[in-house]
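Next come two complexes built around chain A: one with chain B, the other with chain C.
For the complex of A and B:
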């Protein structure tokens, strides 16, 4: 247990010795010397990060405030929200895809997030209850999704929903489903995004399950024994012991999943290229097209900055949480 | 009690089937002659053929053989380099108390959430200026820098769990900081380093975006880049594509099967601890 909730002091608080730190490593008179020593350890890494990560990010942020005519302020962003490739509310309300990349990302978050996080949690719990070699197979198959390169994942998704070679349309066709469902899902605007989202659930549930399984193994068995003696049902045990104790893990999984959904790229690139007619376009892909096909670094930078603006609050929360130890 | 077990078991069976079938489909399609799988890989008759693998390996525009070699070079380089650099940084950030340490940690933490798109365009220009565009070395550098923040975070967390008494002892024996690091901390970090290397290797191997923007010379392309090229413009040869997918998956799969312990430990440590 950590004693103080905010053990990571900011600013001047840095100087205070932390519990468990040996005095030889910290003395006020040594601050300067400490700084020089730290620089020795940090220099190479800071140069690399500074040069290849931080500086490019600052450049992108800077570029997002310009356009071909010069300084543009936030005009690029204003344009993005009026851009049908990014947001097309009218079509969204009429439920006619494409809805624009940003809305597609949002749909992704709204569907994919609860499914993967919830499914991973439920499966972790269910699989911890029984011993059967089916559990081993199921775990193995789900784990496969984590190590599969996303580009291969995209190929498999396309394959799964292909008109002739794919299982999903064939099965649905045999059951008498109408055309977009019994044909190649990735070729129809109504189904392309859904196919990708379903496929990405298949790929990402493993992550949620691994972390939840690890979380489960830290829960004290005696809690369940006590609950059983008190006559609590399985469901009540899940609701009042498992769920609250797994909450920190679930939050982390949700945060990482959210970040994953925002920057989704490879799957879409290889399975649909954002098509048909932009129906499965996402922000990261639109950014790529903008930068490297249309050679418009200003619009591309604005899109990249937009993704970052969505990511950073989660990143901040996550960093705070991990630094609090 | 029995009913509960049956329910749990049927869930396990359903999940096993649903999750494994797409992979089985890919394997079946790759191993059978193309004409057999045109209308579904599940229809008999079944004939075995490694034609698809041969074709993918020596494809005229996207030979996976060369891609595999490039991917290996990039993934190994971009694993060893940042792991070593990050272990130095992690020691500096984990054990030394210098002014600015808190904000620096926070900055590195924020970088964990940065999307690659944020660096894409300027990185492309930078690499161009440095003459590192279209070079595996450039890609290694980009991946190394990109991986550093999470590795530093991971290793710093690990270092803080190590007992300081060992370092004090080394210190009393007259070892300086560098010696303490090399002979005390670094060996103690080996389990964490194994996890880091397994994860970073897999991620670099699986990466597509950075390779896509930094490399376009057909001879330099890594494996993941070649997969979209295997798909014809109008006609999709599923046998060829499946074989390519399997070749690309093979290395991360082997890593995962044989080093699963480190992989999972890394995922957990990176996210939960």
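For the complex of A and C:
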């Protein structure tokens, strides 16, 4: 019986031409052939990624270590953390925003992340249990947020919270709510950031809902039937079957949402331009202002590097998780 | 035989496409769209009819161009052949602009002068906008027996009377875009109650925003005015609401004469005591990377010719920069405006002149001040902090 090529022993130096033999007798190992084939397929992609992602990233990191006077080390980063536009701990939660772009991003994470992930999960579960004609429409309406370009989303948010055209101020005004709740939310520092976060919950919940719905469809129905026979309530089934089995999906949604929140730009740019008075500014917008308004590539690069550094742990976890699978 | 015809058809189609691609076609980029762009497009049409050179007009705000142009310039490219942009920005990127000295050599400029850097004319003012003051509808004022004010107490009394009219939301509408309508209003207050020297001192940085004379303008005049002004509303929406009668007066530049249904119903007054008003040019440049440099220069020459300027004047909404264009070339609303501006000094728009990060900060801080007048100290401090160093 012939052994398969995989079973052939691979000695040290295999794949290299043996000493004393002409080059024509050298045959690359199968493993090497696989690598070459893989590289062949990946070459174009790798060149593009190298050119458009890796090289600009390295240049950005490099630029962040300089300023107009030359090499600056980590001085740009130190300046950022001393800058009220990035972090204003003196005002944070004591007075209305601005609290600094970094803390505004943190607010996005603290408010937007749990709402989006939680709401998407709840909606996916509820819709999976209801058999009615309107479920498809409701699903479509929620999913519309994720297919809406974020620039358009920003315009929608602006009008949603506008004093004259906006639903939220009109309803709250009719209920007797004071200014700024009954006025244009994006115009007031107390409500501008909140308006953006609430508006973007709709824009992003569709993503969470769709992924959770897909996850739900993979759960074996027999588990629920067994639980029902054992007398488990709906809540118990959710707590002990749905939630644990959807955990991998929920973690992916949370990770993606976190990354999205760190680089949020379009919505803020269109709806408030970071204002009023910087009350809804975020890191990516501050980076934009530094690059294209101040024409200061060094500060902009430092902010970009900062955003990357915050994203790295989640990105690393995400990549490791996928590799492990 | 049929297949031969098909091949011939395809070849013909490809040739037409190639000829189309190679034909001289100028890309003109400006900030105007809709009704605001119509008078300019009419001039471009006249240029096309006269020279046979085709054009494509694209709307792009200076804000958006500022993101695109540096990278394109870096690659030796440009998205258009004639581009309208901020003056301060053109001066900063002057190395990338074609020299238009020959094109405008014979143009008798009024109101403004070309942008010259190192002896090269890199930016050409095409039209001038003015921010003459508060606009009102003559019919609205007549219906409520209101008159333009002649003193500050008179102005406050006017605001009170308008606010008391049933159906009125606020006496004055406040436009918002990225923030510039608020900066225009603020500049008008500084000119009226701080004076031209204070205004110019703020531009060149010799006077601080936290100085007593500037603070006084804010505390005594602008902040009390805010009691009667609406919160910032997107400026074209604010224009509609004001025209519908939700607001009594609206501070805006002269371009609104081309944006309302009945320009003859427009009246305008400056703040009592004002001796100067702000204005500024819409400046264009020709990038030296233009693929149709000579044709672009021809267009530049036409835009600045007496014929081109008279055609633009006829469209209304802006004042042209050639001194030899007769007032009769303008529509009645502009003629009335020119008459109203007699005796006023025209000073440059502050935020457009300073530009950069400060401009964005100015707009943003005023948005804050409009809804939180008690934040005045913070606003003035930030404006000093953000002022360009050196």
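We take it that the second predicted complex is superposed on the first by the 286 of 325 C-alpha atoms of A that agree within 3 Å, B and C clash if a C-alpha of one lies under 4 Å from a C-alpha of the other, contacts with A are read in each partner's own complex, and residues count from 1 in each chain.
The rule we apply is simple: a contact is a pair of C-beta atoms (placed from the backbone, for glycine too) under 8 Å apart; a residue touches a chain by one contact, two chains touch by 3 or more.
The structure displayed is predicted, hence computed values, not measured ones.
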When the two structures are superposed on chain A, do chain B and chain C clash or fit side by side? clash
Of the two partner chains, chain B (first) and chain C (second), which one does A:215 touch, if any: first, second, both, or neither? first
Looking at the overlay, does A:124 come into contact with chain B only (first), chain C only (second), both, or neither? neither
Quick check on the superposed pair: does A:189 touch chain B, chain C, both, or neither? Answer first, second, both or neither. second
Would you check which partner chain A:276 touches, where first means chain B only, second means chain C only, and both and neither mean what they say? second
Does chain B (first) or chain C (second) touch A:180, or do both, or does neither? second
Just chain B (first), just chain C (second), both, or neither: which does A:294 touch? second
Which holds for A:284: it touches chain B only (first), chain C only (second), both, or neither? first
Quick one: classify A:152 as touching chain B (first), chain C (second), both or neither. first
Residue contacts on chain A - larger count, chain B or chain C: B
Should A:87 be classified as contacting the first partner (chain B), the second (chain C), both, or neither? neither
Chain C-contacting residues of chain A that also contact chain B: 158, 162, 164-165, 288, 292
Quick one: which bits of chain A touch chain B in the complex? Just the residue numbers, please. 8-11, 13-15, 17-18, 20-22, 24-26, 31, 34-35, 37-38, 40-42, 44-46, 48-49, 51-57, 59-60, 63, 123, 126-127, 129-130, 132, 134-135, 137-138, 141-152, 155-156, 158-160, 162, 164-165, 167, 170, 202, 207, 210-211, 214-215, 234, 248-249, 252-253, 256, 259, 262-263, 265-266, 269-270, 283-284, 287-288, 291-292, 297, 300-301, 303-305, 307-308, 311-312, 314-316, 318-320, 322-323, 325
Which residues of chain C touch chain A once you look at their complex with the stated criterion? 66-67, 70, 92, 176, 178-179, 231-234, 237, 241, 356-357, 359-360, 363-365, 367-372, 375, 378-379, 382
List the residues on chain A that touch chain C in their complex, please. 158, 162-165, 180, 183-184, 187-189, 273-279, 288-290, 292-295
Of all residues in chain B, which touch chain A in the complex? 4-5, 8-9, 11-13, 15-16, 18-23, 25-26, 29, 37-42, 82, 85-86, 88-89, 91-93, 95-124, 126, 141-142, 144-146, 148-149, 152-153, 157, 160, 164-165, 167-168, 171, 177-178, 181, 202, 205-206, 208-209, 212-213, 224, 227-228, 231, 236, 238, 241-242, 244-245, 248-249, 252-253, 255-256, 260, 263-264, 267-268, 271-273
